[in-house]
Amino acid sequence: MPDRVGIVAAAMTKFEAAKPWQHLAELVLEVTDKVVEAAGISLQNDVESVVSCSQDHWDGRTISSMPIPDVTCAHLKDESKVAGDGAYAVLYGAMHVLSGDHKLVLVVSHCAESHTDGTIIENWSIDHVFTRMLGLDYTMAAAMQARRYMDKYGVTPEQFAKVVVKNKGNAKKNPYAQESATLSVNDVLKSKMLADPITVMDKKPVSDGACAMILATEEIAKKLTDKPVWIKGAGNCYDPHFLGDRELADCDALESASKKAYKMAGIKNPVKEIDLVELSEYYSYQELLWTEGLGLCKRGEGGKLIDSGKTQLKGEIPINPSGGLLSGIPVTVAGMSRVAEAVWQLQGRAGERQVPGAKLAVAHGCGGICGQMHCVLVLEKGGK
Amino acid sequence: MHNRVAIVGIGQTTHSGRRPYVNDGELIYDAVTRALADANLSLKDIESVMLGNMDLFEGHHLNDAMLSLYSGAMGKPGFKMNTGGTVGTMLAIQGWYHIASGMFDTCLVIGWEKHDEGPVTPAITTITDPSVDRPFMVGAIGGLATVSIDYMNRTGCKLEHAAMARANASLNAARNPNAHLRDKYSMQDVLNARMVLYPLNLLMCCPTSLGACAMVFASESKARKITKKPVWIKDHVTVHVEYGGAQFGVGEKRWTSHMQAGSTIFKRNHITNPRKETQVFEMYDPFAFAIPSWMEDFGICDTGEGWKLVEKGAIALEGEYPINPSGGVMCTNAIGDSGMLRVAEAALQIRGDAGEHQVTREVKQALASGFGGSYWTDLLLLSKTTD
Amino acid sequence: MKPKAQEELIYLDMTLKMPFKWRTGEPMGEFFRELKANGKIYANQCPKCGRNFCPPVNVCTRDHSRCSAKDKWVAVGPKGTVLTFFISEQSFLIPTTGEMLKVPFSVGIMLLDGAPVALQHNLEETDPEKIKPGMRVEAVLKPKGERKGNIFDIIHFKTIKE
Amino acid sequence: MANEAVKKEPIFTEGYVIMPYKYSVGTLASKFFIQIRDSKKINGVKCPKCNMVIVPPRSVCIKCFSKIEDLVELSGKGTLVTYTVVHYDSAVQAMKPPYAVGVIKLDGADTAITHFIGEVDFKELKAGMKLEAVFNETRNANILDIKYFKPVKK
């Protein structure tokens, strides 16, 4: 990073299978109020720009950011909308600060998956000329990716199930999590099969919620908090869209994104230097595959990594101490909530799921079919 | 202090109402290859790629990912912005942030829309809240008609003046080979068109077009190596206002977002006489009253003076203050691309590369605006030099 | 790039159809509950800048002051004045139902009595000659048993003489 | 307000977002679909610069970003790269579950195409198995003109 961008505070709603009492804008209002209070700032006077993140299809509204200026006090201010994963909105907010254009930026994201049918939206994100009419959605595509991953590297459904067991277990310590459970590998393997090898437990549940954070220049962040979190590195990348254009068992885009972020942050040995990782596993196998892309193990060794226990909450490199996406986080909010969790960890505010002494964390967001685009942020604990 | 950002490559497709022999991706590829050729670069030289449009116009969710092959984004960083009518200018601003932040040295931004494939009016209708005002909205024109009436009542502007502005746009578009509607109209021709919603007739509303525009941005050190004619993005501002819904028209009827955007840019850049210190304005003008009334709102002239300048012919190609030498949104409107075309056309004027629609006065600084959403504004100031 | 005239081009017809159960939220939900149960149209006011909102809002859209507390609500209408209107003669697809719009489709923005606040809704009158800004209108509601707690509980605004 | 509202029934607005689209597939893909419809032949493209053979055929090379204009004929036979068996229903599916979907690399191609796999015992699905295209009787020039790919009998 050319300069340091500070995350002053982060806030999330509790994630729930449905939030029928709240308008989409009220989800944003809830987290905006929380984050402004946590940062001890005035929304009206201090926030110079709002970066929101939502998607027209998910909201059923062209320009889904239409009601956002109303609840973020952005009347006659700068507001812009990232239409992708929330981690990109954090990156874009950081660019606002780095460019010197804005000193204090509010970043928000929201999504209510429960008010529509996500498989339709997934299908409409797939190539319309050759593929969409087949009725493909992300679960089928993910199943094919998981199968390829198993075939190429010998990773097993048992190892996928271990991710579910770990993450749903971690979620018990996270009051914001939607679903938590004490499970066995067998419980996961025996649950309803969706698309071989993905069972209903291997897939992230439908979820509603929102997330917000305050980004600021180094100077202001230090003034506002004695626990700033610095964005030390960032990288993002697209993979090809067509499944047949990619080697599905490897995630080149994530490798490229993480390498760039690590280089920026000066990280040479990710496993040793990074204290925890919050990543976006829409399906259980993705946590294993993404750990490879994030350079936490060699290609094909994601299965061995979960077997080793190193990624458990008390392990050498805890992955998703929050419970991850498998505990229920909506798309769009997903990546931003990973950043928020990492921020809380580095601020020592993660409660029972706190990783002791966490100084350096990686947050990861992704989107598209089989994780077609990835965004990696390296965060560092500031202050004492 | 931010890194300086220059526009070093510009490419646009021709614009039309139908283009069935290309698909969405091929349309984008057309613009991208033109922009790369203009910059004399290959895709290898581009560090990041951003693609933007409005999702429901073509129906594709996450189309930045879906069309990553054609935009050149495969294996590169980038993400999608979607802010409505301002998406084109927002993409330019997004490109600016990528480079001004110091994180990238080059980037490619593409705005596109293929309106022949989707239902434009129903898609625009869905910008409203589904519970309250969606059942009562029919496209975007209602609000624009209301403010047009108000502008006439307030300032003495007549229908004829809007028709003059439209006729002027048609003359400009006739000289722009990439424009969509290129027929020449007289003021009387415009007045004779079929009324859609008083006071706006068919020729006073913007068309639905298809097309794409791509631009290459670079940091100062790169820009100087890439081109002898970099165009600098000197300043930009984005101003939102609350979601109006039915409330718009109850309170003020002027565009507070335009007013604030204009005053911010002029103040920050010490511009006291915008018609002198900037030489051309590419304005996002979605209806024929936009140029006369928005000149006032942006602060290009005094209140009540806009239509008089139109009457004097000031906005013509060879006039005192040319506005939309490209023909503007009135002649070419592929929404995701419209805003970016404003920036691209303003840059071409600064470079002196606008060909037949190059304005006669020398252009050192130019303005480009975007408009959309709930009456939102983007405004960019482009410059020939870095000072 | 242009193909020869006789070359056949292929098109793909696809219809996006996403079902939604949009949430109205707290104040807007309460607005619809009141409309359904008591046939009343409510607005609320920003305690700081005094501007009114119909349907009511949580926070002022300009200064972010809280204004959802129910004691600040004021019943507006059912009578009002037409501020502006439009009549669409052209039919379009209605994206929420998939049906075509029945024309002529007459929409007014009404300034409601009781507080300076506007509501957009259908006008019963569809003859442009018979609608004038400043014209008095009154909301016609569905009978109580038929009201569902949505904006269509108001059928339209009819012209009244005073 | 918050607690009070929670006691009451939430109010929803139910409806759809319905949007009809008519997509142009472009000149090249038109030829591809016409070939399938009229001759039951699956074509790919070959990049004139890097010789990459791409299926489904796109007018831009996925490797070198060059423009591609001409189709090359492929055999309609290939190997299975990966697959799944779908057991759940959804609103967008074109087949009744359970059914198999796979990514199939046609002989001579460098990329693979996604499609259904039919006439197969799900237990016998295996990466590397040989498949061939089966076409529908009535064909409308779209990807569903290929009914599915079935295992090649030894």
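The first chain written gets the first letter, and so on, giving A, B, C and D; residue counts start at 1 in each chain.
Operating definition for what follows: a contact is a pair of C-beta atoms (placed from the backbone, for glycine too) under 8 Å apart; a residue touches a chain by one contact, two chains touch by 3 or more.
As the structure is a computational prediction, the values presented were derived from the model and not from experiment.
Asks: Relative to chain B, which chain's C-alpha centre is the most remote?
Replies: Farthest chain from chain B, going by C-alpha centroids: D.
Asks: Weigh A-D against B-C on C-beta contact pairs and write down the one with more.
Replies: A-D
Asks: In whole angstrom, what separates the CA-based centres of chain A and chain D?
Replies: About 29 Å separates the centre of chain A from that of chain D.
Asks: Could you put a whole-Å number on the gap between the CA centroids of chain A and chain B?
Replies: Chain A and chain B have C-alpha centres separated by 34 Å.
Asks: Based only on mean CA positions, could you tell me how far chain C sits from chain D in angstrom?
Replies: Inter-chain centre distance comes to 43 Å.
Asks: Out of chain C, which residues touch more than one other chain, so two or more?
Replies: 1, 3, 9, 11-12, 14, 16-24, 26, 28-29, 32, 61-62, 93, 95-96, 150-151
Asks: Check each residue of chain B and list the ones that touch at least two other chains.
Replies: 20-24, 56, 59, 69, 74, 119, 122-123, 126, 130-131, 242-243
Asks: Could you say which residues in chain A touch two or more other chains, in rising order?
Replies: 20-21, 57, 60, 69-70, 75, 117, 120-121, 124, 128-129, 133, 240, 242, 245 - these are the residues of chain A that touch more than one other chain.
Asks: Which of the residues in chain B end up touching chain C in this complex?
Replies: Chain B residues touching chain C: 20-22, 56, 59, 119, 121-123, 125-126, 130-139, 141-142, 145-146, 149, 197, 242-243, 245-247, 249-251.
Asks: What part of chain A is in contact with chain B in the complex they form?
Replies: Chain A residues touching chain B: 1-3, 49, 55-57, 60-67, 69-70, 74-84, 88, 91-92, 94-96, 98-101, 121-122, 124-129, 234-242, 245, 252-253, 256-257, 260, 367-369, 372-373, 375.
Asks: Which of the residues in chain C come into contact with chain B in the complex?
Replies: Going by the criterion above, the answer is residues 1-3, 9, 11, 14, 16, 20, 22, 24, 28, 32, 51, 53-55, 61-62, 83-84, 86, 88, 92-96, 101, 105, 107, 109, 111, 116-122, 150-152.
Asks: What part of chain D is in contact with chain B in the complex they form?
Replies: That would be residues 13, 15, 17-27, 29, 58-60, 62, 65, 67 of chain D.
Asks: Given the complex with chain D, which residues does chain A contribute to the contact?
Replies: Contact set of chain A toward chain D: 20-21, 57, 60, 117, 119-120, 123, 128-131, 133-137, 139-140, 143-145, 147-148, 151, 192-198, 240, 242-245, 248.
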